[in-house]
Amino acid sequence: MDALLPSLLFYAFAGVILGSAAFTAFARDIVHAAFSLLFTFFGLACLYLYLGADFVGLSQVVIYVGGILVLLLFGVMFTGHQTQETEKRTVNFYWGLALIALLGAGMVPALLKAPWAVKSAAELPEAKSTISSIATLLMTDYLLPFEIASLLLLMALIGAVVIARGETKTDEGESPETSA
Amino acid sequence: MQIQVPEISLWQVLPELIVLATAVGVLASDLFVKSVQRVNVTLTATLGLLIAFFTARSLEASATPIFAGMVVRDSLSILLDQIFLAGAMLVTWIGHEYARRNPRQFPEFTALVLFATIGMMVIAMSADLIPLFVGIELLSLPLFVLAGSDKDRLASGEASLKYFLLGAFSTGFLVYGIAFIFGVTRTTNLTVIGQSLAAHAEATPLLVLGFALLLVGLGFKISLAPFHMWAPDVYQGAPTPATAWIATGSKIAGFVALMRVFTLPDVSFAALSDYWTPGIWWLALITMIIGNAGALMQSDLKRMLAYSSIAHGGYLAMAFTSGTRIGAEATLFYMAAYLLMTVGAFGVAIAASRSGQECEKIADLSGLARQRPWLAFAMSIFMLSLAGMPGTAGFVGKLWLFGAAVQAQYYSLALIGVLTTLLSFYYYLRVIVYMYVHEPDDRLLFNRYSFSNGLALTVCAVGLVGLGVFPNLLWSTIRLCTGAV
Amino acid sequence: MESQTHLLTWMTFFPLIGAVLVLITPSRAKTFIKQLAFVFTLPSLALGVQMLRLYDPAAGLQFVERVSWISYFNIEYYIGADGLSVPMLFLTVLLCPICILASWGINDRVKGYFALFLLLETGMLGVFSALDFFLFYVFWELMLLPMYFLIGIWGGPRREYAAIKFFLYTLFGSVFLLIAMIVIYLNTGGSFDLVALREQIASSPLGSAARVQWWLFLGMYVAFAIKIPAFPFHTWLPDAHVEAPTAISVILAGILLKMGTYGILRIAYPLFPEMAQQFALFIAIIALINIVYGALCAMAQTDLKKLVAYSSISHMGYVMLGMAALTPEGMNGAVLQMFNHGTITAMLFLLVGVIYDRAHHRNIDGFGGLAKNLPIYSGFTCLAFFASLGLPGLSGFISEALVFLGAFPVFMVITIIGLSGIVITAAYILWTYQRVFLGPLNEKYAELPDCSIREQVMLYPLAFIVILLGVFPHLILQIFQPTMMQLIEIVTKG
């Protein structure tokens, strides 16, 4: 009984994630797809929480569900989404299917047979919340990657501006023929 | 709770910080100065890169990882920093010329190049999969934007989108691979991974899967066939200076990542080389064939160079497969040579413009030798070096690449490499034939090109011939690197 | 014996200095560029004469210079000359000034032409003097490039095709050379030293691996056979010759073809003596095909230049036959034939160029009776033709006779069939001479001027050498005889 309930929970979450993700991929209406994505993100958050990763799980809800998905829907609506169904693409459908089947045949046994380096219950930390240990790690061991990641965000901002900016800046350079 | 703060050795990452400061300075100049002169931006970037270059030179190499084992300042990373900084400088210079015709995105253009450079430098010094991954992202993001920065051309937007989608896709593979490896070894630190693998060197299916996914992810970055599909379209569509940096910096950084992960002894997966070498062996083989065969059929200069760049990735992968010290040395030498000749070739494509129209078809170079003899001469050096003519760095580099493959007894691989090289002479020479033999089809004159572009081309050409005749100049430094690791 | 005077280095790189000077001269000064180029081939010629004077046949390798170049891979700048390279070096420095004179008519992109020509001279001299395998390969490839451009830019109507064909054929061959070089390097523990390699190979694992040796020898043979050009790799030659400007044809036939046989004698034979014996019959058969097939093709030509080109294929067959025989007469005859063919065929191509400059075509049947108005020209042609068909008293006779004498005891049947080549050669040469120079005068060409002073200056030295060596062949034989005897000893002992 003790083992059954957690497994049941896990499979329920996994089913929600996979089902909604498949719906996102195959939906013909982009709004439907976006809404379906909501369930995927939510299922993932549940899975994180189930695994005891409370900080990651909550971040998932706050950032993806609350932020990114809402932005996405705004974007869809503002750009005047047409209700007409998107064209169904079946280019190389069977090849793709075959490739996926092949990859799946390779991966599933590998994953099942793998000797996962799982920590035993005794090794797990006692702390109720993972927030403080994550914070400590980010400020100590992972300081440099953390800082570089901030650089990455800065980069993303600049990039978005460059891509999105209108053509307002006029030619201030000399005409091509005069300079040498 | 007592928190142990690891030593923060900022001095060791000073070159990166200088480049960052330069990039931010270049960006901020647009805010505070009313009308930014292109010259000043380029000069600032050049100055910053030069300071960073000499700072990197003066750093003392040490094999002990810093920042809690995240990065390592060994002589390899110092050498690569210099290569990347020099490359960034050359790209900035040819970008300066490009900006004359496309002034809108200018300060950002230079800044993006610099940000990408920081990403490459981070990859070069990674001793852990986490900074490696963040470095790859930091390198990719600016390049996605650079590829799409020419908004007047639809092709540029298409290139950017393609590059972005496939880049994101490959990142997925990369992270997946890292996750599997973490699942087996419980760590992302390359040294610890290496030790634990060496301790019980057997490849579980999961580990092999991890390798394979990592290889696929990086394979996209360095456009190894069959993950090369994006390259021709992106190279053709992106603004040419951006293409130059995608073709050189990004590709070299990808190989550096492969080196850091796969070959450096005691650090990583070298213990399991039996399992991953056949994979890279096949990739190298296919890449050499597809790259050269594809280049043979192109009439567009940038597409031709794209396929040629794929082919050169194959040659590098061939030496890399050998996993020997000479293989690593040959790879490093060829990286430097490849950087010079590819940036140079794209630089000529920018400079050889007519009435503001950049050279697109190979046929557009017709008659270049009569009107711009130095351009044609420099381009000839780049083409011959790419082909591997004695007297150029391309020859010396290729010789050692093939030598490494032969030494590792990959005879068939070396043979295919040599034969495809032979094939490549045809399409490289065709460029020279157009420049020297054909007359221009119309009376339009080639534009004059800027000082900075001329300087970049001169540096590339002189560097190639110099390294071709006196390879010892770079060789001694390279030996130091591989001796240390 | 180390040279203190750096004679060979100066000889090799003087033209390169000239090339740089030509490059920095303004392109308007066309005549000055030509004069400059001519002047810069003269020091090499002078040094070549000096080399002939100083060379001591008994002393083996001379004028040696040895400096480390790429130390990590044990690559050296190692040059020197023995009896085999001295005649070839002299031939090169002799023909180059003559070819510059023959190029006086070039008026398009003068600067590029003469700079490339001088670069080509440096490359050729480098090939003949290199004693380091890697250095040899570098010069070998380096020479390819100027040749490609000289044909491709200044050639005839189908120049692009001819140039790329020449380039790809030769490149194809050099790939095998490269592979052989790398394999040898890795098996001997990292040596490119051509002088020491023979013993190093014998004591390495390669020494006992006959199968690998067989493949390596075959690879080298293919590389060099393309240059000779030996059947079936000869098809680039007629195209290249017909399209190339006169002076370049001279260089091509006079010097470049010799590099093929030179390479076999310098590298393939001494490094793999056992294979040299195994391959002897094979090379002799190819030589026979070259002799007979080349001569028959020459007979069928209507283009004068193509005729000379095919006669070159035929004549290089003699060289190969002599080499294959591995007897003293055969080997010496082969090297002598290399030198003689260089001078004779150079004359022939120069003469074809002279008439082409005047009549603007080379159709053998389009002339007639030229001897009447062009006595000097006809005289030179007569001499060259007779030397080519091997008239006693002229240089060609000596070398052909030596080759057949040397080959007869070894390959009796092949030699006898090969002798028919002489008959066919005589036939097509006499027939051609008759059609062009004898018979009724073609009125179209009644006003043609005879050879100018410049053209005579080009032809006299060659004619002099052809007659001199016909009478006193030992003048040059004595130079390479000891070296060849040594080579025979190496090969037959192995």
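Note that the chains take the letters A, B and C in the order they are written out, and that residue 1 is the start of every chain.
Definition applied: contacts are C-beta pairs under 8 Å (C-beta built on N, C-alpha and C of every residue); 3 or more make two chains touch, one makes a residue touch a chain.
Since we're looking at a predicted model, the values are computed, not measured.
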Quiz item: Which word fits how the chains touch one another: line, ring, star, complete or other?
Solution: line
Exercise. Report back the single chain whose CA centre is most distant from the CA centre of subunit B.
Key: C
Quiz item: What chain is most central when centres are computed from CA atoms?
Solution: B
Quiz item: Taking each chain's centre as its mean C-alpha position, how far apart are subunit A and subunit C in Å?
Solution: 70
Self-check item: Separation of subunit A from subunit B, taking each centre as the mean of its C-alpha atoms, in whole Å
Solution: 29
Quiz item: Counting in whole Å, what is the centre-to-centre distance of subunit B and subunit C, each centre being its mean C-alpha position?
Solution: 44
Quiz item: What part of subunit A is in contact with subunit B in the complex they form?
Solution: 106-107, 109-111, 113-117, 119, 132, 136, 139-145, 148-149, 151-152, 155-156, 158-159, 161-163, 167, 169, 171-174, 176-177, 179-180
Practice problem: Enumerate the contact residues on subunit B facing subunit C in the complex. | Solution: 369, 384, 389-391, 395-396, 399, 402-403, 406-407, 414-415, 418-419, 421-422, 425-426, 429, 433, 436-437, 471-472, 475, 479
Quiz item: Quick one: in the complex, what on subunit C touches subunit B?
Solution: 70-72, 112, 137-139, 141-142, 145, 148-149, 152-153, 159-160, 164, 167-168, 171-172, 175, 178-179, 182-183, 185-186
Self-check item: Contact set on subunit B toward subunit A in their complex
Solution: 1, 3-6, 8, 13, 20, 27, 35, 38, 67-71, 99-101, 103-106, 108, 111-112, 115, 118, 122, 128, 130-131, 134-135, 137-138, 141-142, 144-145, 148-149, 151, 160, 183-186, 204-206, 208-209, 355-356, 447-448, 450-451
